[in-house]
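Multiple structures are listed underneath, in structure tokens.
Common to both upcoming complexes is chain A, partnered first by chain B, then by chain C.
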Partner chain A sequence: MPAPASSSASGSVMRNLLRNGPFLTLLLVAIVWIGASFFSRGFGTYGHLRYILELASIIGIVAAGQTLVVIGGGIDLSVGAVITVTAITLPMLSPAWDPTGIFGIVAVLALASLIGLINGIGAAFLKVPPIIMTLAMATLLQGFLVIVAGGSAVSVENAAVIWLGSARPGGIPADILLWVAVMVGVLLLLHRTATGARFFAIGANSIAARLSGVNVERTTLLLFTLSGFFAGLAGLLVLGMNRQGYVGIGDPYLLTSIAAVVLGGTSILGGAGTYAGTIPGSVLLVTITALITVVNASPGWRNIMFGGLILILLLLSGREKQR
Partner chain B sequence: MAGSTAFLAAKGLSKGFFGNPVLKDVSISLVPGRVHALLGENGAGKSTLINLLSGSLAPDGGEILMDGQPLSRLNPAGARNAGIAVVQQELSLAPDLSIAENIGLGAYPRRLGFVDYPELARRTAEVRDLVGLDEPLATPVGTLALGRRQMVEIAKALFRKPRVLILDEPTSSLSAHEAGILSALVLRLKQEGVAVLYISHRLNEVMALCDYVTVLKDGVCTADQPLAGVDAEGLVRLMVGRDAGDLFPKWEPNAAGDLLVDVQGFSSGMARDVSFTARRGEVVGIGGLVGQGQEDFVLGLYGALAAQAASATICGQKAPFSSVGAATRAGLAYVPADRKHEGLILPHSIASNLILPSLGRLNRAGMRDRSAERNLVSDLARRLTIKGDTARPVQALSGGNQQKVALAKWLPLAPSVLLLNDPTRGVDIDTKREIYLMLRSFAAEGKTVVLISSDTPELVHLCDRVTVFREGRAVATIARGHITEEAIVGAAMGVEVREQAA
Partner chain C sequence: MSTLSSREPLFWAVQRQRNRGVIGLFVVVIAFLALYAYLFPGLFTLGGFSKFTQNWFPLALVAMAQTLLMMMGGISLAIGPLVSLGAVIAATVMGTAFGVTGAIVAVLLAGLVVGGITGAIVSYLRLPAIIVTLAGSFIIGGIALIILPRPGGVIPAGFSDFLAGHTPAAFGLLVVIVILWKLYLATPLGLGIYAAGDNPIGAFRSGVAVNRVRIATYALSGLLTTLAGLFVAAQTGSGDPVIGTPFTLNSIAAAVLGGVSFLGGRGTMRGALAGSLLLSVMINVMFFLGFPPVAQYIAQGLIIVGAVAIPQFTGRWRRS
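Then we have the complex of A and B:
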């Protein structure tokens, strides 16, 4: 299609906005919010929208790691299991001599990053395809958790984690503030550092990247380690909001993290995308879940609606253009 | 030439991409029993014309006629059924399928709904013999050398007994022997009344094989005439629209400097026990038939392939290098032969491709310095005359311009040893000349160029020394003054060439 000659500056700004995936997703979220608040009185209240953003912050943080890995040409299917690992092991790793709970948080994040690092070693050096490596890791972790936790729920007494889940400095929930920090960090990493540019390079063409001097192995290790780290961070938020951990608590976050990435316009094939799309993608997913909850339907139907809506949204929005 | 006798004709074709006209009012007639050459620099519109004729693209204007009847809405399947076969420059074979399965792909003989393999073998054996393949039909295509795969590709086209055969740079990956088989084949098809469209950058091939020529320049037809009475120089002038002058720059040997590359008993991949040296100020050529270990040797120097050596010093550092990063830090740069898959990140912008090797060197406070990057990109684009917006994906560029990007991205690192693998393959004449000039001026600055080339005249006219590879070994090193096409080809083929005093 020949592009029409640009008529005016404002016209081209408009066109650029309409071609901008993140902006369109955000627009969709706004429309859904406004529409839903007409039909359900409780939906549009400040409290409810704040709650939606709190839930979105968890998905958004898991999906931060997922976005990086997918841009780098991989995928991380172990994020759900890592969240569960975080939730179950936090009480064990929070010693009584540390009343702040900071030690527990550091220990758990180190563990989550280590799991990511092992994924990275498998993908980079053992040349196991990431989809297999991380799926195997998820299965391994689940077996390990059943042995450690024995199927019972653990409750949280870690002060810092409880604070994360409930505090509202300046009226804004701490988990949303944490998400904002993650946004700034990840967007800077991706688009303003050499390391971020290398993620895109290895995701688009790892051979050309290697021959251009990019250390593909080291970059892959970093990607998976970051994904483990962010899944661990999200696990802390899950725990802070729920106050208890159990086997399977992280499972819902696997599909949603990948859906948020793809809804945000990041190519599942790697090499193209941005976290700026994943952010509204996460909000959109939580909004849909909330809408489905408002509709009085049985759990089975809710799952069917959720899955169906994700498919429809993917068809309508951010998928990479077909060549 | 009267349109009524043509199998396939196009009238007034035009085509544009994103508002840029690529082909303007081009007409061509492919006549039975005629070998028709299509010439033009990269970006002249040859590939677009082929894609239109084979139904891969729809024209914006004009019409395509088969036996005088207009074909509306031609698609690739329709073109195949009409007897149009295309051998593309990019190989389109399935590497895991056998030779026979690839040749018959899409037209398998069936019995009771299942593929009739014995029948397939019988039918494919015929065309396989035509192209001189002696490998068993069950050999997976992925295990064949590039040149052999090209022959499979040609056999695949012949399998459907085409009336029109379009060959897009068929010889660019063929050895001299294979190219000879292809020439004989083309002449035979001509006798059988097939209309052949032959695209090549090798003018002597065109002069020897073709009867008629169409020349494209910037999407416009600049010549459409019989080849008889036209000489190579005339053709070049039609393609570039001016006197081509000498293809190769004039140069004087530089004073021999320090040894930058000194490897003894170097082995990597197919390359075995190679001893090789290169000094500052030298362009050292590596010749031989395609796939004799030249590439593996250079990849080994570059740290991209595991290597062992009796002794190796490169840029004053102990080699082999353990990684590409170590090699580039020592001052090496490599431009791969397969620029689309190895040299460039095609979907990324020209600017990102140019910046890639310099990433991390243009940081300010840990962040990328955008203005320094912009300056670097615009400087490189100007020095290499890469026109247009550098935010475009690099795949939007013609082959020659892509190659300039693949080369230019290394310049900011100021490498002292430039390793080039067939840098002018599929590149237009103007860009070739620019690359040649760049090589010699690079050497004149006291740096070293190692040039792998499948184009023997390049080695003869550009190099201070040429090392010839055969079966993974460096079988001969030819010194300045003794470098001739005969000497290189002789060594490559294992013909006894009298030892010249070095």
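Then we have the complex of A and C:
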């Protein structure tokens, strides 16, 4: 039914805002933060919020690639393994002749992008469904990692990575600044370029996109390469914060990246969504984890609370359209 | 009259159609089985056959559970934790006054209830299955950890010997389950699985109770999964809250090897069973050939991609 012309403009703005996934998620984050600061002393302090944002920047950067892939109608289950690969191989790829560590970073990011590219080749040319291709890639990488690392932890000497994990230019942690740069880049790519429009097109209907002249294969390759790149970037941050890498270090980021994307209102079916929702989604996830840690329950209850809260939050932003 | 006389040929025509996609897989499975029998001639003794089928049994069950959902256009990422839940319930209840019978009832009921709730959330709250079961995997894993925080519990030796001893009881149980599946497929709820997976809106308009089909399928899938957990508990003689973890990926891998599509409406249970058998034999063969566990990961990854990519290529050659 069309709205009567007399209905106030402010009413429709309100309604649009309430239907806007990113805004709802942002509102949720604010409510949770304000609520939590009443119950838990120190939760709302500047230091704690900064720490939460630092943790969220890792999830946010992994989820940037995941958002792009999901919008393009796929899913990337190999991001956790790529983070681990980055963390394990960085010390090996950082030669002694380069004290800045830039070479190591470039080499590792190239490796992560290459893994993403192979995922893309599987999805685009071998026509393997992305969920299987990336799952198989994760299994494969796990095998290679055990060969390369042999189960022992590696510590990082790379100066640039350590700087990334600890520096605070202008009082703001470097990883948050990096996340802001990623935000700007991804949002511009998605919503202001033809390439971004192609991502949405192949996610909504890849046959229609092909018939309209979109090079579906090339776009798919780009999507998965970007996802590998962002996972590698997040791996550098993880390494910078932890100062050591071990097999399995990236595993927790797989589920959280997907959850952040869906909490942000991006449709898991592809073709609709925005990174603007994933950003508060990432912050929300880290906040929930922090809250659950504060409650000080047994590991079992912590898992139940985490899953239950995600499920409840999904009701607000992750529901499919009525049929 | 004509409908009656054409009924029998139609049945076989349908079966032929269904077998067409999986014949290549059957050939590969038989080849691997032959290789395994050559490496390990003990397969043909009663004990060897029993042990072999016991290794396959839980994987076959979770592959069936995953296939049920995938044929309906769903998926579950909570298979592993649900296997663990079945195992810990079995190991805790068997030591109490309820005994073995009570434990079996509790395990099966837990599967039905957890599956039913998942199905209800997916169909009535319209949340994507992949993310519901992702969140569900945390909740179910958490419940398993609360019931049994560390490996332990009691499984009576008699029960272990019956299911996982030197008798092919597991294989017999699998045959019974497959026959029951055939019967279920003949009911409206069973037929609805394919209809709801292929085109839910079309199925709904043709009078299929899509929501009821979904909930029943998720419940059934949960039942098969916790049953696998019960068996794993009997096999290991105790309950372990994280023992099921590898089953999530393996169930998907087996179903995909068996030619079941993620898009729903396509795939056969015989394919999924053959896929799980192939995976199980492959792991056994690599173990006997002395492959390190690492090589098994890599081989598994390559085989899964190959299993999906090769039919695509042969299909393209046939068309061109």
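Basically, the second predicted complex is superposed on the first by the 315 of 323 C-alpha atoms of A that agree within 3 Å, B and C clash if a C-alpha of one lies under 4 Å from a C-alpha of the other, contacts with A are read in each partner's own complex, and residues count from 1 in each chain.
Definition applied: a residue touches a chain if its C-beta (ideal position, glycine included) is under 8 Å from a C-beta of that chain, and two chains touch if they have at least 3 such contacts.
All figures in this text were calculated on a predicted structure; none of them were measured in a lab.
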Q) Of the partners chain B and chain C, which touch A:L188 in the superposed model: first, second, both, neither? A) first
Q: Pick one for A:W179: touches chain B only (first), chain C only (second), both, or neither.
A: neither
Q) A:N215 contacts which: chain B (first), chain C (second), both, neither? A) first
Q.
For A:I147, using the defined touch cut-off, is the partner it touches chain B, chain C, both, or neither? Pick first, second, both or neither.
A. second
Q) Between chain B (first) and chain C (second), which does A:I207 come into contact with in this model arrangement: first, second, both, or neither? A) first
Q. Counting residues of chain A in contact, which comes out ahead: chain B or chain C?
A. C
Q: Considering only touches as defined above, state whether A:S298 meets chain B (first), chain C (second), both or neither.
A: second
Q: Quick one: classify A:Y253 as touching chain B (first), chain C (second), both or neither.
A: neither
Q: Have a look at where A:F224 lands relative to chain B and chain C in the superposition and call it first, second, both or neither.
A: neither
Q: Determine where on chain A the residues touched by chain B overlap those touched by chain C, and list them.
A: none
Q: Would you tell me which residues of chain A are touching chain B in their complex?
A: 1-3, 188, 192-194, 197-198, 200-201, 204-205, 207-215, 271-272
Q.
Taking the touch rule as given, give the residues of chain C at its contact with chain A in the complex, in rising order.
A. 121, 125-128, 130-132, 134-146, 149, 200-201, 204, 249, 252-253, 256, 262, 293-298, 300-302, 304-305, 308-309, 312-313
**Q.** Sites on chain B touched by chain A in the complex
**A.** 16, 18-19, 302, 304, 323-325, 328, 334, 336, 341-348, 352, 355-357, 359-360, 362-363, 366-368, 409
**Q.** chain C-touching residues of chain A, taken from the complex the two chains share
**A.** 75, 122, 126-129, 131-133, 135-140, 142-144, 146-147, 255, 258-259, 262, 268-269, 298-308, 310-311, 314-315, 318-323
